[in-house]
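As written, the chains take the letters A, B and C, and residue 1 is the first residue of each chain.
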Amino acid sequence: MFKAIRRLWGSSGKFRTGISIVGVLIVLAILHPLFSWIIGGTQDPLAIGGYDPWEVPNVDHWLGTDRYGRDLMAMTLDGLAISLEVAAIAGILSTVIGVVVAFVAGYKGGKLDSVLNTTTDMFLVVPSFPLLLTLSAYLKHVSLLTVALMLTIFSWPFAARTIRSYVLSLRSRPYVELARVTNLNDFQIIFQELVPNMLPYIGVGFANAALGAIFALVGLEVIGLGPSNIIDLGLMINWAISWGAMSLGAWPIFVAPVVFLSLLFIGVNLVNVGLEEMYNPRLRGTAGA
Amino acid sequence: MIDHSRVAVAPRSTGDLVEIVDLGVYYNTVGGVSKAVDGISLEIGHGEILGIAGESGSGKSTVANAMLRLVRPPGFIASGSIRFRPGNGKPVDLLQVDEATLRDIRWRNLAYIPQGSMNSLNPVMRIVDQFVDVMQEHGTSSAHEARQKVPDLLGQVSLAPHVARMYPHELSGGMKQRVIIAMAIALQPDLVIADEPTTALDVNVQRMIIQTLGDLRDRFGMSLIIVSHDMAVHAELVDRVAIIYAGEVVEVGDVHQIFKRPLHPYTQGLIQAIPHVGGARRRLEGISGNAPNPSDWPSGCRFHARCPYATEYCRANHPELLPFAEAKSGNTGTTPRVACHLYHHPKEMGVRGDQ
Amino acid sequence: MTSSSKQIELNEVTQVFRGAAFRQIGGELTAVDHASFTLTADPPQIVSLVGESGSGKSTIARIILGLQRPSSGQVTYYGKDIYSLAGDEFNRYRKDVQAVFQDPYGIFNPFYRVDRVFWTAIKQFKLAKSRGQGQTLIDESLLAVGLRPADVLGRYPHQISGGQRQRIMLARVSMLRPAFIIADEPVSMLDAAVRVLFLNILLDFKQKYGMTTLFITHDLSTAYYLGGDVMVISKGKILERGAVDDVLVHPRHPYTQMLLSSLPTPDPDARWQDRLQVSAVSDATVVPG
């Protein structure tokens, strides 16, 4: 499998670029406590009233400060970390649920498949965003985990759908029949034969679920209905709007989160496209190997 | 309704219809340059059926692709020319003409039936509309005129006129293949190239298709190139056979000579690997070894590693495709050409006289 | 012979497929229609099942291999219905009856090296006590089919040819020493020269290891070459059966006669003299005489 990743790196410029962007963002997010410490020194750069409010970007505060005197660089990195955390949790959870449901339904078939399919469809049909709005109106002060769980409920069906159709196509492959004739049980067949061939699709499914979660959360917060006790990129945008930051000339509080979100979006999509080109030969402009 | 008479039609003109000279088609791959077709020269006369035989990976389908300039990157035409002299047009080099002229030639003078094309009929269009599509694209008739011709074309492949109103999924495999053939001859081309036209068809349908293809020459005077790995198809249908191995022609000759007195050891291996129902019960031998890698053709004669007669001379020297007059076939007077040191350098091989 | 001997018996096996896909033909398709025959291991035999595509021959293979439960009728081994076997008896059936499939490309899971098909079989059927013993077993079986271990072991499926892949499948079978081999069109996708090598190995297996092969094909000439017995099947019904030298040289059933006359002969001096009358609305043909 690592050979496949190395091959992807080598042959696809899009994959390289995408992974690099995402990689840098992840590193920044992981290291955000370090950056906070560098920026703040002894004090907490995000404490209210820590610095003078509305400072223009300068040597001490690369992105300036906000209305309450909080350093914006630290806030942005912090927010990035939180957005990625939510994405990771919601992404992993919904992928795991989606994969389990998809494999059981796709491989076993029959009545179990029908039941699971209908369940998936029910979740898909329900309009997720209005429901999220309603939920968040009741849950103003929630933890990160709760938010992630809420988002998971609405993103797992997408993963399940895509993966189930791949399972269906793989299920009747000759090597699966060979495995059955070699007396492997269903469990062994799913994990040893099918899952390894689906890793790129599961990866794409995860990336999409994660992105979906980030932007669902951003959407909620920009409207002002997200949980307000966690500062993340979406909330920053909301504050930028409600404080009229642009008209005050305080552009960093708006621009920084937008730039990072855009980079994340572009990065993940480049990875997706790179993966798709690798695994769907018809999309390739020129054949690699 | 169906004309069963086998009227031999005189060829449309004399001289060669197509002359392929030193064709080379290479592919740029991660592992280097793959020389799928490496210096192939062949000619096809008017009203002649030429078979191109060889195993998978030998390059035979690539030759067919190249004739219509259908080679896509990472493949490219590395060398050679393909001179085409249609009955009613000027001689051209198919590899050099501009796109507009090529589009004119395609379908009107030169038709191509790719492998598995019966499965690429448009599933949402009726048969008649697909004909009209093709004829309008490449011919000068209006939609109305094209529509008039369809029942006739279907009749030429023994299909009923009402098939025109049907959709592809309503047709059986053999019927679809016949539709494809009818579409290919819609504009009365001089040459039809068919790539594996009988593969994946049931055996009685195969016979029907072979008969239909034979009719194209017998009744309409068209030349045919049949690319197939199945030697029995060549035995039933073609006039001459060219054997392709490792991107080269290793033997070309009259079909009777190829089957009765194959010259090249590879041809001999191919011919004797065919089981014959009702024949004597004996053990057949395959050809030992594996097909070589197009990115790394063996030195000297490309068949030397698998040849029962190979010597050191074969490993060092690449044989030329040259005529061998001693095996001239009585029927048509065609002199076979073979690329093997046994025939052209017998002394170096330690061979005396006839084999 | 009592029913407790080593034979696979098919008794009025019928397989009917129902579903929306068959709406045009009345809602159901009878793929196998009351098929009955017996395969014995003692003495070993080669039986060819010849039919065109859609004749039901592959469905019969899957039924015998335990992959498809028939709608009615029984397949018995040592007198017991194979679909009611459990535990050790089922494991024994799996070991005694092995398969070779048609598609040399699909038969290997592209994620793993080709060695894995051997090791999986060794593990499942406990063929070796140590790694060294297993490796020896693998090397021997490869040599038995004319392959050099160094040429194929350690490689991925796409790195070796179709002929080598099918021979690896035979090597795997020889390692398991089953009593029965069910071969479903194993040479259709191979070139002529490699085909002969494969068929010779099947003949050797009968000679050396006493294995009985059910050889499923649409190609009468390969059935003839293998010798032994032949059954001709069309539209799910077995129409004619007997020794190859009898049925294929003096066919009695008109369908067999039609198949034989349609076979292209590899002799340019013996071309078809008569003209086929083809139907204008189907693939049906009438051969004069």
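The rule we apply is simple: contacts are C-beta pairs under 8 Å (C-beta built on N, C-alpha and C of every residue); 3 or more make two chains touch, one makes a residue touch a chain.
As the structure is a prediction and not an experimental result, all values here were calculated from the model.
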| item | value |
| --- | --- |
| Joint neighbours of chain B and chain A, given as chain labels | C |
| Chain located farthest away, centre of chain B as origin (C-alpha) | A |
| Top chain pair, ranked by number of contacting C-beta pairs | B-C |
| Chain centre separation (chain A, chain B; CA means) in Å | 54 |
| Separation of chain A from chain C, taking each centre as the mean of its C-alpha atoms, in whole Å | 49 |
| Cα-centroid distance, chain B relative to chain C, in whole angstrom | 32 |
| Touching residues (chain side chain C, partner chain B) in the complex | 52-53, 161-164, 191-197, 200, 218-222, 224-225, 227, 248-249, 258-260, 262-269, 271-272, 275-278, 280-283, 285 |
| Of chain B, residues touching chain C in the complex | 1-2, 4, 6, 55-56, 158-160, 162-163, 172-175, 202-208, 210-212, 229-233, 235-236, 255-256, 259-260, 269-271, 273-278, 281, 283-287, 290-291 |
| Of chain C, residues touching chain A in the complex | 62, 65-67, 91, 94-95, 98-99, 101-103, 106-112, 117, 120-121, 124-125 |
| Parts of chain A lying in touch with chain C, wherever the complex brings them together | 1, 173-175, 177-184, 193, 196-197 |
